[in-house]
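Okay, so chain A shows up in both of these, paired with chain B first and chain C after.
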Partner chain A sequence: MKNQSYIELTAMLEQKINQLLSENKVDYLIVYGKGSFWFKTRPLLIRKQTEIEKVIWNRFCQFNLSTFLKPGSRKGEKIGIITKKCDIRSVVELIKNNQINKDNLYIIQVACDGIINWQKLENLLGATVSKVIEVEENALNFVIKMPETNIEVLKNDYLLDKCLICDYQQSFYADEFLITSEEKVEEIKNQFLPSLEILENMSYEERLEYWLKHFSRCMRCYACRNVCPVCYCPTCMFDSQEGLWISKESKTSENYVYHLTRAFHTATLCVECGECERVCPVNIPLMKLNNKLAKEVSEIFGYQAGLKVDEVSPFKTYCQEDSDEFK
Partner chain B sequence: MNSNNPERSYFLLKKSKVQNLLSTLYNEYEIFVPVEEEGVVDFKRYELNSNLTLEFTNTLLPPKGLFLPQQETLFNFNYRNDVSIKENIETSRRIIFGIRPCDSRSITILDEVFKEKNEDVYYLRKRNNTLLIGLGCTNPQIYCFCSSLEVNPGEDTLVDIFLTDLGNNYLVSLNTKRGQQLINDLPEYFEKAEEEEIIRALEIQSQAREGFSAGFDKKDAEVFLDVEKIFEHPAWEELAETCIGCGICTYLCSTCHCFDIADELTKNEGRRFRCWDSCQFFSFTNMASGHNPRPDRKERVRQRFMHKLNYFVNRYGCIACVGCGRCLKYCPVDIDITRVIGTLNHE
Partner chain C sequence: MEIVAFCCQWCSYAGADLAGTSRLKYPANIRIIKIPCSSRINPTFIMRALSKGVDGVMVAGCHPGDCHYSTGNYFTRRRLMVLKRLLEFSGINPERLQLYWISAAEGGKFAESVKDIISKLEKIQDKPFPKNPESSP
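Right, the complex of A and B next:
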């Protein structure tokens, strides 16, 4: 999509939000707002029509807003939410697990053909990243505009990983799908996520070393847990005052327990939206854990999270035919 | 320029000699240098094969952790047979090489906290044993707003020795006797700086502020001193709606210094440790009775700003923020202290 399409889509979005608020269809909407910098957006809750001008839709809308549908974060009954195709899968998980009632939800899906991975651009440009004025695009490339020069990079290299395997089509669960008439949603890019093979081919000792090295950097800020739309326990076991499961010190051994517990606890719920890895300040490759668990769940139970609201999670069913590796 | 500042002496350190200088100092000091690992630059203990990087904007973690480690054993004890306590107080001589002006300012802010009334021996022992070698900024990050807080990114008089990047060399300015002593002891690494180089460095120092644009007007921060006016401002509720309550802003903050203390016990022995804690966590103020005076995100979000811009100012006379921009850069939901200050003034 061209920059122009995003401006048009933002206008369509404003119109839709205006309608929902004026007709009292929702108490409030969870939207993307303008961020502190031109390349940032932020989640925003709006209740009044006068706030609509704050709404934005562009290639920097990376946040998965469905995390604000968790019971602890909800601020009203009837909620409108802006979603990308990928985010709807975590909305489906919340509905499926009785965390929110679909009848109280109005889901607006906005056409999207990928979100820019700003971190990758920062890594590419180093200190000069502060000189970038804007990012435009042509069919294949992003054009990074700077005062004296333009740099073109291949789009696929600078999108979030999940965008490479997204089909961008309308979701069955979207109440509304906003798309400009001229733009056709692109075909699936037919790429695969960075392979897990390297990790899978490691020996047990090598894998342990790999993860211990990464977990040693964790400072247990809990951003990965708090941003996760399916980490919806009212009190997390790691915050429990009754039992001290791990020490408050962020030692490697304790971090290891935290991360493995988190990963196993979200298996079958995780829709691989990548938010945990994106917000991690110390670059722990959390999606490698999540992707691996999703792959295992898919291979063993033929189940993928976030596709249908009436499908039952494999951890909540009993089936004689399930494989039993412990026999 | 020397005539304006007769006591100030300047030297020149060739960049190509930095590694050798560090390996010489390595025999006598524990040295902490910026090291890049997995795309993250942080101060790490210098080893002879360290992947030292001096072409960095700033470290991910502020250097506060070198004085107030994220976790630290205070003492070990035996509480069964012969009751005894063994303190764990750092004594080695240390150098931090490459600390930025915002971060050295944050250390002087923390000094106020840890030397007030009951001196914190764990912090102060490390602090007094550490020589700071600062490095001026010429390439600010887009998130930097140190100029709003009276930090000069180009010049730093709070460190013992300060380096200004001149391309192939650093101009070395000395601020303390300790710094002077170190240079005197190692004449083979430091050349006398020529007039021309000094003038060029002073120019770089005075121009450094120019690249910094983000920030706020210092006068605007004064609104926080009026508790009546802002304590129940609707902005807190709005911020709390999207704050996810993680600890990034406090853990990455160069001045946040709250910690928790706990004991870890085995059969006969135990140890008391302290570790970073965050006012953004529910458990931070949760009491044994079950009562929590800051039960919701609103109170916790407000606390962080009020502490920096009001409580700290009243107690220590300065804002507990140095404009390093780490919270701006890493906040998952783009909560921005400069914008919050603006909102409370104008809305």
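Right, the complex of A and C next:
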């Protein structure tokens, strides 16, 4: 990808990482590295200055790296982490729930203009992204270079859904905010989001049918749980040997209980990063459940996850004046 | 029709006891499970019961402010408010989950609550998860 600001940002990032490692401010950094294809990236841990050239930053860095901050993977070392504006919310959520010590963390926030959704690109092209040679961009459009033709598409149509409502500001919790000198943050706020209304307006039977259709495909690989940055229980209740909460067989009704329980457990923690839906091998629209719960929690309690470290999650506190909708 | 009732041991279970000793009549569709406090309810209890084919789940606890553990039922209320919306969104009629506040002195209210949930469930036609696994989706 040839985009001047991303090249510039990568250079700044390398410089910053070099500085951090040489001054021993961190033991290792969690960064984005090159993936198996040009349009893929993968998470990378780097400990040595010689590895810095592997660091990349482009429009395909869609992982939420804070997953690797979960307790199982740390041993009191100082960690540096690259985050986007959206990922930093899950880091905040981990700090808030005492899963990681802020003092051992160095957060580098990198300016981000939105991440390309290559599934949307594939739908447009009708072919795999690997056929694409390069994606260039100008002020408003992506130019997709194919062997024969060039296709120009509007940027907003091919970004991840969450990017459309992101405001790109510096987070209060970032130790370092990397942004290019010529600040050209594009105004793509307040976009239309594929809403929940279609589902909400269905009848119960239609909705049940919709979910059972999707959950019947689930093979309970638990990828959605494992990738989730806020699913940090040392032993998940579904792995627990003391009493089987759901049977091991992959039955639709058991899958239903699993997905609903998971959605409920992350109800006040979910920062809507979309990782669960991205990793799902059978494309279950899990974010619809999460978005709905986040929406309800913010409507009932006026709470949004991942904004402030000192806020208390609504399930951990109570209020006598809560509306009593039950008798 | 089958209903699972989770009753807190300090208020609602004692209320059910009182309904029995006062010889009040209420429908026999109910299976009572005693729990230490209504906040002991793990939402998975409810989802699991529904997925195993019960028609409705009734949660009963002390009146807000009267919890034996001071604040347990406030937490229950918050959780079940969200759970109810989640069930609704995922295709289960929210009427299938009912929360009642029943004190130990309210044997009459316990009997009324059981009648109430039965009358509500009778209006709901289809059952999301039939008990017979062969016909389940």
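Observations, loosely collected:
In this text, the second predicted complex is superposed on the first by the 317 of 327 C-alpha atoms of A that agree within 3 Å, B and C clash if a C-alpha of one lies under 4 Å from a C-alpha of the other, contacts with A are read in each partner's own complex, and residues count from 1 in each chain.
Here, contacts are C-beta pairs under 8 Å (C-beta built on N, C-alpha and C of every residue); 3 or more make two chains touch, one makes a residue touch a chain.
Just so you know, these numbers come straight off a predicted model, no measurement behind them.
With both structures placed on the common chain, the touch criterion links A:I151 to neither chain B nor chain C. After overlaying the two complexes on the shared chain, residue contacts for A:T41 are found with chain B alone; chain C is out of touch.
By the touch criterion defined above, A:F63 reaches chain B but does not reach chain C.
By the touch criterion defined above, A:S216 reaches chain C but does not reach chain B.
Look at A:K75: by the touch rule set out above, it reaches chain B but stays clear of chain C.
In the superposition on chain A, contact of A:V309 is made with neither chain B nor chain C. Applying the stated contact rule after C-alpha superposition, one finds that A:E249 touches chain B and leaves chain C untouched. Residue contacts after overlaying the shared chain place A:A263 against chain C, while chain B stays out of touching range.
For the contact definition in use here, the residues of chain A common to its chain B contact set and its chain C contact set are 251. Put simply, chain C touches chain A in their complex at residues 43-44, 47-48, 51-52, 64-65, 71, 74-75, 77-83, 85-93, 98-101, 113, 126, 128-129, 136-137.
Remark: chain A residues 199-200, 204-212, 216, 237, 245-246, 251-254, 256-257, 260-261, 263-264, 267, 289, 292-293, 296-297, 300-301, 314-315, 318-320, 322-327 touch chain C in the complex. Chain A meets chain B in the complex at residues 35-37, 40-45, 63, 67-68, 75, 123, 127, 129-130, 214, 217, 219-223, 225-227, 239, 241, 247-251, 275, 278-279, 281-283. Residues 38-40, 57, 60-61, 70-71, 139-142, 211, 238, 241-242, 244-248, 251-252, 260, 262, 264, 273, 275-278, 281-283, 286, 328, 330, 332-336, 338-339 of chain B are the ones that touch chain A when the two sit in their complex.
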